[in-house]
Amino acid sequence: MEKKKLIPLLALAAVLSSCGPTGTTTESSFDPLDEGDLVRDEAGNIVYDGVELKMWSVTTGDDASTQDAIIAGFNDLYEGQIHVTTTHTSRYDLETLLNTTMQFDRPNAPDLLFNHGSRAAEYRERGWLLPVENYFGKAETPLDKDDFVPSLLNAVTLDGSLYGLPMDVHSAMVVMRVDILEKNGYEIPTNYEELVAICDDAPKKAANNQLWIRGENSEGYAADEWRLASTASPYAAFPISYGDMWVHEFVGYTAAVQNGATLVDEEGMPAWNSDETAKGLQLLRDWIFPSATSYNKSALSLDYGSSYDVGNAPLLAGTAMFKLQGPWAYMNEMADFDRLLRNDGGADNITTRSLSGLFTRDDSEASSLIKGEGHAIMMMAPEKFSLTKACAATVFMDYMAYYSGIEWAKRGHLPAAISVSNSSAFKADPAYEEYIQYWGQPEDYVVVPPTVNYTYIDTYFKNALQQTLSSSYQNQTVKAILEDQYEDCVSYIELYA
Amino acid sequence: MENEVKMSPKEARAKLAETGNRLVDESIGSFLSLRHVEKVYPNGIKAVTDFNLEANKGEFVALLGPSGCGKSTTLRMIAGLEEISSGELYINKTYSNYLPSKERDIAMVFQTYALYPQMSVYDNIGFGLKMRHMKKEEIEERVHKAAEILDLGHLLDRRPKELSGGQMQRVALGRALVRQAGLFLMDEPLSNLDAKLRVQMRSEIIKIHKAAGATTVYVTHDQTEAMTMADKVVVMNRGYVQQIGSPMYVYEHPANLFVASFIGSPSMNILDGVLKGERVILEGGFSFPIGVKRAANYRALLESFRKKLEDLLKDPEGNAKAIADLAGSLKPSQKQEKKAQSFLSKFFKKKGEEEKEPTPYEALSALHEEYASLKEGELPIKVGIRPEDFYPEDDFRGFKASPVFRGSPDLVELLGHEFIVHLPSFGTMIELRITSHEVPVSGKSLGICFDLSKIHLFDPYSGMSLMDKEKENL
Amino acid sequence: MKEVTLREFATREERRKSSLFKAFSVGGFLGPYAICFALFFVFPLVFGVVMALCSFDGKTMFPSEFVGFANFEAVFTNPVLAKDFWGSVWNTLRFALIIVPLSILLPLGLALLINIKPPGYKFFRACIYLPGIFPLTATGLILLKMFDYHYGFFNAFFGLTLDWFGETWSAWLLIGYFCLWCGIGGNFIILCAGLENVDKSLYEAADVDGCGAFSRFLHVTLPGIKDQLFLCLFTTFIGYMNLYGQVYILASNTPDQDAMKSAIYRIQDMLLGSSKGYGYAAAMGICLGIIIIFISVIELIVTKERKGGHAHEERFVSWQKSR
């Protein structure tokens, strides 16, 4: 009896609650002559008085602390005028949080969003973003689009309009054991051929009991004692695995684009089912499973299967000369080696390089490309639009793009604004000299072009990558694997068309 | 006594193999023999003390006693469900202390029937035979025969949960019957049934007992069952055997106060008194003669018991077990008390009371003191008179009338042809069974006398009956 | 106004008040539960069916476009959807067929051992139940680390070179082990309780009837815990058809995802991306539910109690006549 009465009641409640606020500001509503709630002084400049901006940021941990420090600088500079409060949420939670808030709790939605630029297309499709260019003009904040890395700017440009300001870009990078390379007479490799030369020669030397390595290991060797590499197991100088985040987030894509592949076509559909991608993935497959037809004769990496962070232990123990790492961790690497090899050069025993040129034999414009991921600050369409807030936001975005500078770069995030990385202040910092300079030019970085189908394109490419590098799929050609995954990807995208 | 001949272990093993690795004692005449069987639990509690029983083939033995007297434990020891702490058990002349249950040639009927719930009645009855790998045809034959005897034919397909209590009990009996075992063991099988059904089932059980010709050991707390069904009654209290005998014998010659008050309903009236010369003087001054001979016998009884105590106490270590057994058997021989102590009073026992448990030696020493200090002139005595041995003064039908005494009934219960009269007299409440044309009225004074030839005299300290001892000495 | 006598009025009033009071007490006791039940069970069930019949992408509060059985059609005919979903259902079914018997027999064995009540049995009982209360993700991560291909403790200790999470058979093996490790506690407790409730005198009757240990188990113990066993069978099967957490944590990195994903995993996959396929997911969920119901009904029929019939009675009558 009770339940029969309750269902219609609940239905009524549901109907009533769905009649919530749905109106949002869209691009078509911008009027350049509209002053909105702006307050101007006698000189005609906009007066910001106690403007509160709320930003949600996808950075967590140490990145979050650094970002908070940078934003504090802005708040100090604009004390009393503009104040920005930041909440940090990991990217897994952020999506759900955004979803529920933008749909059902609009009043509590943030004004700004610091997130990966690749998300912009999907957000805009749901009507959550405001185009920013107009507000830069209104606030008279300078905006030089040519100063930004083209790929990053492109990622937030949808239908010709700019939907956010790119902030930075990062990718994986390579850590190298300078001491071992030097001891064995190798030069630091600058491209794939040189890398393979070293990695083919080292196992030969090791088999002949001639390869010198050092590092703490389980047999009791200290970090600074030189020893000969064991002849028992083959020496694989550069460990990678499909379980590694560096590989499936960055290296896989990088190998594809360095060989000339495009990831997404103009309609936003996947374009990675190409010979170029196959070439890049084949190169990675040969990395672990060399064959008679591969360029490298020895394996550059053992088959680590689904393990992750596979390079850490070998590099420390000396059984590898190269490893992949996230740039933000480089400072920890330096600290580790400072401690381990305190008496023999410390952090000078390692160096870092970008992924540029390391995954292709081609020598073209594309071979220096690095696939990364970039952040951008986007403006969220609020329930109640405030022109003052929008203009204040542009001031903040401009500050973040140009004044995060070196501190943010030390966390591995290279600035999206090219002039920043060329400035003397940037280059004067010792960190630049030590390592940041090796991470390449910002213009070398590319991100996935904007598309609403990003999730499927990304998931299925990663599936293909994983299967390519797995030992259980050796009997399938790279092209066949790519074809398989491509078909599924396109089918799913078409389901929702 | 060839079992007592000494030989080498090898010879012993060979000899044993001859009788199928069972120790057989041909000298035992009875079918079931328990000798000095005792049961002590791991926590030290003695459930059964010095149990002796010889049951012949075809005999119906009832183990009778109040709850907690050790009768079920004894039955389970015979069945092999409990370990025998000491003593010997012989089933059909074979030493069976350590034989597993299934090899003892027994069939058991449980109080809760213990029918397998997922099997039909047919399967339940035939299960034991199936486990012994009997042929299907033979199982069917036996089950059908049992079903005929017990009128279970129309129930053979049913499950236990579709049967009534009486039907379930018949199935349990059937299960025991088909085994054609030599020994039937029944553990209060009728206590779960209502009164009318019980009467019916009693006759069923006797029928089966006769049909099978097996020796039956039957445990019950209901004296009616024991009295009507058994050839031999074993009365137990608190682990001690009080008396063994035929129902009639136990009724007419109870061995001690416990048996006297346990058997018979309403129970025998026990009156306190003193023996002066040849007269017994009850409370309130009423006295009657018991004869010179009898009085002398009583004095001799007391003296012999005192002597027995003295002898035992002379050698405490040597007679330790006898002392302990005797001390332990004193309380159980007394009249069964109604639950005097309330539940809560257990919690409020004063601290000192717990420590007052005397050792057997101390107990017997104190008792010896009592006996030794008895004055010749006044000897304490207990008189037992059954309710049916009372008669109205004008309607005496016994052998030898006692002096008349008067009393006013507190309560008169009408049972149709007779009355149970509750009369406060002699310092206690006595119950009389009167068949009289005149209805006794409560409050109206009544003249009563009793049959002097039917009284029982008991030693208050040991609880022993004088009559029983007299019979022994005859 | 119609006139009433005092008697009529009083009796009517009292009856009304009494039924009102009864209704309030019923409402007061049932109310909270009824609300929760309606909110968290009835509403999602109804909403799920509605979602399955509409095209809903999660961008609005409620679905608006009714498409009839188009979603179901897609689940059965769309090549990639059908391949992925039914493949995962088949994976899940095969896994359930192996793990459900294990999930019942293992706890049964343990319960029988604990029933003997050896010294320290309370401690063992607690230990058997303990794994179930740990969070799935934490223990899953430990398992990932322990069976890591190159750095895992297990491979190092036994000197193996097996990529546990790279091969499908070993990944399923570990998923099965993980499920058993954290799942047997529940069934174990139920079977322990069942064993305690078996009438002790039945064991004694079996002893007297001549049963050995195995016969006793077969004829007394098993039938005695029949109810609990059936309960375990039903709930365990339904639970494992809904397998998700363990697969997600352990097998997300296995290359052959088509062989690893369970049914719920595929349904979850429908909700990736910005355009979420709630319609397809709901349709898949309903299909899965129907399959589970179907198999449960089969289980119900097979385990039903059967009436005795009249075979024995007839044979008895004919035996009587033949004498």
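To keep things simple, chains are lettered A, B and C as they appear, and every chain counts its residues starting from 1.
Keep in mind that, in the parts below, a contact is a pair of C-beta atoms (placed from the backbone, for glycine too) under 8 Å apart; a residue touches a chain by one contact, two chains touch by 3 or more.
Every value quoted in this text rests on a predicted model; they were computed, and no experiment measured them.
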item: Chain pair whose interface holds the most contacting C-beta pairs; value: A-C
item: Chain whose Cα centroid lies at the greatest distance from that of chain C; value: B
item: Whole-Å separation of chain centres (CA-atom averages), chain A against chain B; value: 94
item: Centre-of-Cα separation between chain C and chain A, whole angstrom; value: 42
item: Whole-Å gap between the CA centroids of chain B and chain C; value: 57
item: Per-residue overlap in chain A, given as positions that touch at least 2 other chains; value: none
item: Two or more partner chains touched - positions in chain C; value: none
item: Contact footprint of chain C on chain A as seen in their complex; value: 2-3, 6-7, 10, 14, 17-18, 20, 99, 103-104, 122-123, 125-126, 242-243, 302-308, 310, 313, 452-456, 459, 463, 466-467, 469-473, 487-488, 491-492, 495-496
item: Contact set on chain C toward chain A in their complex; value: 27, 30-31, 34-35, 37-39, 42-43, 46, 57-62, 74, 78-81, 84, 148-151, 163, 165-168, 253-257, 272-275, 277, 280
item: Touching residues on chain B, where the partner in the complex is chain C; value: 79-81, 100-102, 106-108, 110-112, 114-122, 127-128, 131-132, 140, 144, 147-148, 153-159, 175
item: Residue ranges of chain C touching chain B (in the complex, touch as defined); value: 199, 201-202, 204-205, 207-211, 215, 219-220, 223-224, 226, 308-313, 315-317, 319-320
